[in-house]
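Okay, got some structures for you below.
Two complexes, one shared chain (chain A), two partners (chain B, chain C).
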Partner chain A sequence: MADVIEVGAAREDASPPAGGKSRRGVTQPGNRATPYLFLAPYLLLFLTFGLLPILFGLWLSVHQWDLQLPNRPFVGLDNYQDLFDSESAIYGDWWSSVRATAIFTVFSVPLLVVIPLGLALLLNRSFPGRTFFRAVYFAPYVLGVAVIGLLWRFLLDANLGLVNRLLGAVGLPADTPWVTDVPWAWVSLVGVTVWWTSGFNAVIYLAGLQDISPELYEAARVDGANAWDRFRNVTLPGLRPVMLFVLTTTILASANVFGQSFLITQGAPGEETRTVVWRIVDEGLRDNDAGRAAAMSIVFALALTVISLVNFRFFRYRED
Partner chain B sequence: MTTLHRSARYAVLVILTLIFLTPLVWMVITSVKTYNDAQQIPPGFLPNPFSTYGYEQILGNTANPVLRWFVNSMLAATLHALLVLVTAAMAAYALARLRFRGRGIGFALIVGTLFIPPTSLIIPNFVIADRLGWLDTLIVVIVPGAASAFGVFFLRQFFLSIPAELEEAAVLDGANHWQIFTRVLLPLSKPALATLAVLSFLTNWNDFLWPIYVLFSPERLTLPPGLGLLQGAYVTDYPVIMAGAVLASVPVLILFVAAQRHIIQGVSRSGLKG
Partner chain C sequence: MIQNELSRRRLLGLGVGLGAAASLTLAGCGGGSATTSGGAAGNGGKEYTGPKVDLKLWNGFTGGDGDIFKKLVQQFNTEHQNIAVAVTTYQWEDYYSKLPGAVSSGNGPDIAVMHMDQLATFAARGVINELDDVAKTLELNEGDFAPTVWKGGLYNDKRYGIPLDMHPLGFYYNKAVMQKAGLDPEKPPTTKDDFTAALAELKKAGVPGFWVSPFQFTGGMTFYSLLHQWGGTLFDGEVQKATFNSDPAVEACTFLVDMIKQGYSPANVGQDADYLALKAGKNAFNFNGIWQINDIAKDPNAQIGVAELPQLGTQKAAWANSHNFTIVKQRGADNNKISGAKVFINWLSEHSLDWAKGGQIPARKEVRESADFKAIPNVATLAPELDYAAFPPAAPGLGEVILTFYNAFNEAALNKKSPKQALDDGVAKANKQLEDNRKKYGN
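What follows is the complex of A and B.
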């Protein structure tokens, strides 16, 4: 303890000489280049694959940029206009993908906000086996979308799958076309995603729950509040910032859905479950129209930003 | 009353455990079935007979070199985690401990990109990777993802939580910044570094969207795009497909069991920033 104070006090006096000393070597404290040398490796990555693609994406979006053709003329806002012009060739596919993404997001987000909260409340109090159950619920999340996609394509197979097998065993219809027809395809995509990522959100909620002061619960109990009152008046307000975080990140994650529909429903029926991200990469990297795909990316990113901002506004308003 | 309450809690916990684990158990069971066994309608609950058919198919497969994908994935995820660790730790040190021109703006710019969905950068990043001649090489699944701001942000927060006294003592002893960074700060940051390494490894191991478009040659693929190929080639030959899925799951499940604390802490801390 005394050491710390001494060092702290000594630093004040020693500061000017330390700065002077720095002129001797390149990496001495105080050298002007030092911070930039520390930053350089990351900065190189960040500029090339973090910042440049943002600017380059804008550039691509105002050109007719075919990956296979040498001639890439400037077309102004044509790529953007096509997305909103019902006469254009891309209009139908684009809005169908927007619709698919919207359906998935609207149905998955509420479940992914509420179910993990339930899991977190179940795991919040200390009891034997708590760490084990937390790990089990989190486990699906460490598997990638490729694994869970293949796995659920199989589990949901109408004839060979376990899901229909188990439903049949308890006397329910055993021939539901889970991955080839709507609305089942939506139920499948949302259900799989809830199974896959609920543990992740639950862990975030758990951290939030640990941060709520036990004294607040104690005070509520003294005031005669029952469990439901305590949940409504202590837990929920205490969790508001964490909930806002979960809600925002879950909306973003759901809106970016790709692997599930690519592997499980494979877009079926028809192209009904083809999502925006899938449409963008197909347009750009399969059909080689990088310009139009870049315009789609930018419209998509802007839409998500607006949704996030509205979200923040709404929550802050509610707080007042 | 309390006993009843406790029993009810455990009943719910066990039902949930079944829901979360049964699919994974089914994946393993199916991977040791024969083709004919897996084609039974309705499917049987246990393999009859037990068979290594699925694994034999993927191990001796030249059209779908699954073992090669496994090695590629292992290499890519390991090198990616190392790259993230080194670059993010150095940058985070500068941002947490050093004063320099442009620090505020630089940090704001880096953190700002956290709010841009990575999927919206795929098209321009593809063209950039193409210009660099990186398409269809392992580099393209190792390097670009390391531009993510998460690691820098995560480590900077951690470094800021470490009291500066120890470093000040080192300065008085004549240490330069590199020495302070490597000998004082990094040893103190082992838990955070482990967390970041594990999360980066997992993210890279599981990445699907980017590799399916930037890797083409069968022998260059990582496991996730490879599994997609396997599904296309074997369609309903589920023992083979599930054997591939098991192979892709085992390393991350082992990692999860071994580093559970780090993973869960990393995730909960990422939530607290909100």
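What follows is the complex of A and C.
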């Protein structure tokens, strides 16, 4: 967090608004509300679409809540207890979805942090057709999950798909169950996601790279730093705030995976690739248990909050 | 639930359909004693003379019959100056998750088309109205329908759905592939011996003849059919306990899984791959929904035949479901709207013969037995299946339990567990779900 703020501050310093200096600290009586008025539009949105739903979710999670059933009894922490009670009907499904989400996140995040960085470094050099390639790598990202999901489901079909046919044509095994068995299903889901979203992270990195002053590279070069040294000592530190952003949003996005497994593997084999968000949707909207779905959401959100905090801590520590 | 996943079948490109109407040749001329309880407004759909009402109707007919449905609605609107029906179509999967939210926020439809096994859930949850008076006006009774379909519309002895159509699983076979393997393309197998002998011949010709899909569409529904053919059931009579790990069920499951071991099916068949392979001539046999008749008709060169499911077990049986009309409860019920909706349902029932011609099995027996219906190719071929069709049982909240059944088959068909183990595990989970449902719905 500190990093982000500093970068923002640095940018402001570079181009101070006209008469900026004197404004700070001047608080005339009656103007105390000013900052809050500026905050108000966002605050209103946050309250309406952020805080209130969260509080309502907490309220739901301690009830057996069905949109239509007239009585919605208070059940205390039962909905939470069910998630940790191996005798409950939901226990197996819940933890198998947690496991699926964890596997997907652990394997997709490193790739989605590193590969786009490599792409961005390549696309940041000047070469003929650079704009074309930038567009090409970003292109999959503009497709919706329904499009890429159906597309890859058919491409990856074990018996009819193009992927196995091509593998067979070059003498590799042609019967890999890409979407119906693990670990192949994970390879497919992670691979498709990397293909689909790398372009987005690459664009963020690219912006970060262009923010690093060329003078720093020049200075490093004068000091005799080779390409690796320049990458390690100039590029990486310069990208740190961007990396924090990329890492955090990628972890959150990966943990929220739903469409890919819903469409490509359809949870198979069994329910092994069913993810947490999918489980929450089913629980709340298909099985009409909004209370239990809310309890799941809150446990899941808490876990992600902890992970994000650790993430921020880690980057701050590195800075020190 | 069946319908939930039914949607998944994305009947969309494949021509879903089905929706036939309860076809009644004689219509609202009798009964007409409007009861005055609950949502029993109007005179049971006989006529509506009040001020103009706008009605919203939701369905999941994303296939060719969606157009047929819309044409019928247009005709209805032209003939009724004081009722205007507007149709909205969703995929079934979205449909059932959208409906409860829409209803509770006051944006729901007035009329909703629903699968038979959803009725109990939505009735128990107070989403739909009783329709006993409509049935009375239409002079519908059990003798006109397959008994299961008729009873499926009841919940706590009250009627909530008026059946439109029935859609069973059928047997699709590729004549060209059969010919290539030296089989008579006009004689699809009808017994277990014929069936396995044909698969052996196909295997000799290098064709894995019957692809076993691990997914609900269509492997799960195939297993559902065979389980009943072997004499098993999914649940006990009161739907208190799951029974799909009985010996017949395990045997039926083993029979299907062995197809893979014997080389009659490849392993890891993907969603839709079984049916696409049939059309592409990569396999010969596929059990699939009657809705695919619309799809195969699009390509006359494909040479796909349609027959009743062969009898592989000790008795005949085929998975089937039924679409029903329901009237949705609104906040601040408008009796004019309810009366108008009943008139619409009544009218569509009268016109279901036209509709049946578009490719569905009418719910009404007398239309099913009419010469006009019997002249419709393929659709009429599957109509006899209704005598032994295995409809999903009706109990509130059963949809998720049936998904557990399909998931158990998925694990067996993908060789993650033995058939016995997969079904035992599935039953253990299903029983917990049933118990949760009992607490929730108090049945």
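Assume the second predicted complex is superposed on the first by the 268 of 320 C-alpha atoms of A that agree within 3 Å, B and C clash if a C-alpha of one lies under 4 Å from a C-alpha of the other, contacts with A are read in each partner's own complex, and residues count from 1 in each chain.
Note that in this section a residue touches a chain if its C-beta (ideal position, glycine included) is under 8 Å from a C-beta of that chain, and two chains touch if they have at least 3 such contacts.
Predicted model only: the values in this text are computed from it and were never measured.
Looking at chain A, does chain C or chain B touch more of its residues?
Comparing chain B with chain C, the partner touching more chain A residues is B.
Quick check for you: in the superposed arrangement, does A:Pro241 touch first (chain B), second (chain C), both or neither?
Touch status of A:Pro241: first partner only.
Quick one: classify A:Phe300 as touching chain B (first), chain C (second), both or neither.
The answer is first: A:Phe300 touches chain B but not chain C.
Considering only touches as defined above, state whether A:Leu160 meets chain B (first), chain C (second), both or neither.
Once the two structures are laid over each other on A, A:Leu160 reaches both partners.
Could you say whether A:Glu271 touches chain B, chain C, both of them, or neither, answering first, second, both or neither?
Once the two structures are laid over each other on A, A:Glu271 reaches chain C alone.
Looking at the overlay, does A:Ser86 come into contact with chain B only (first), chain C only (second), both, or neither?
Neither partner.
Pick one for A:Thr180: touches chain B only (first), chain C only (second), both, or neither.
A:Thr180 sits against chain C, while chain B stays out of touch.
Between chain B (first) and chain C (second), which does A:Ser126 come into contact with in this model arrangement: first, second, both, or neither?
neither
Under the stated touch criterion, which partner chain does A:Asn71 make contact with: chain B (first), chain C (second), both, or neither?
In the superposition, A:Asn71 touches no partner, neither chain B nor chain C.
What is the shared patch of chain A, the residues that chain B and chain C both contact?
On chain A, the overlap between the chain B and chain C contacts is residues 67, 153, 157, 159-161, 281, 285.
Which positions of chain C touch chain A when the two form their complex?
1, 4, 8, 96-97, 100-101, 103-104, 125-127, 211, 214-215, 266-271, 273, 276-277, 280, 282, 397, 399-400, 407, 410-411, 414, 416-417, 429, 432-433, 435-436, 440
Under the definition above, what is the set of chain A residues touching chain C in their complex?
Listed in rising order, the residues are 64, 66-70, 88-89, 92, 153, 156-161, 175, 177, 179-181, 266-271, 281-282, 285-288.
Within the complex, which stretch of chain B touches chain A?
Those residues of chain B that touch chain A are 6, 9, 12-13, 16-17, 19-24, 26-27, 30, 38-43, 86-88, 90-91, 93-95, 98-100, 103, 106, 109-110, 113, 115-117, 119-128, 130, 143-149, 152, 165, 168-169, 171-172, 174, 176-178, 180-181, 202, 205-209, 213, 223-225, 227-228, 230-231, 236, 238, 241-242, 244-245, 248-249, 252-253, 255-257, 260, 263-264, 267-274.
What does chain A use to touch chain B in their complex?
Checking each residue of chain A against chain B gives 4, 7-8, 10-11, 14, 18, 21, 25, 27-29, 32, 34-36, 38-39, 41-43, 45-46, 48-54, 56-57, 60, 67, 119, 122, 127, 129, 131, 133-140, 142-147, 150-155, 157, 159-162, 164-165, 168, 174, 195, 199-200, 203-208, 211, 241-242, 244-246, 248-249, 252, 255-256, 258-259, 262-263, 277, 280-281, 284-285, 290, 293-294, 297-298, 300-301, 304-305, 308.
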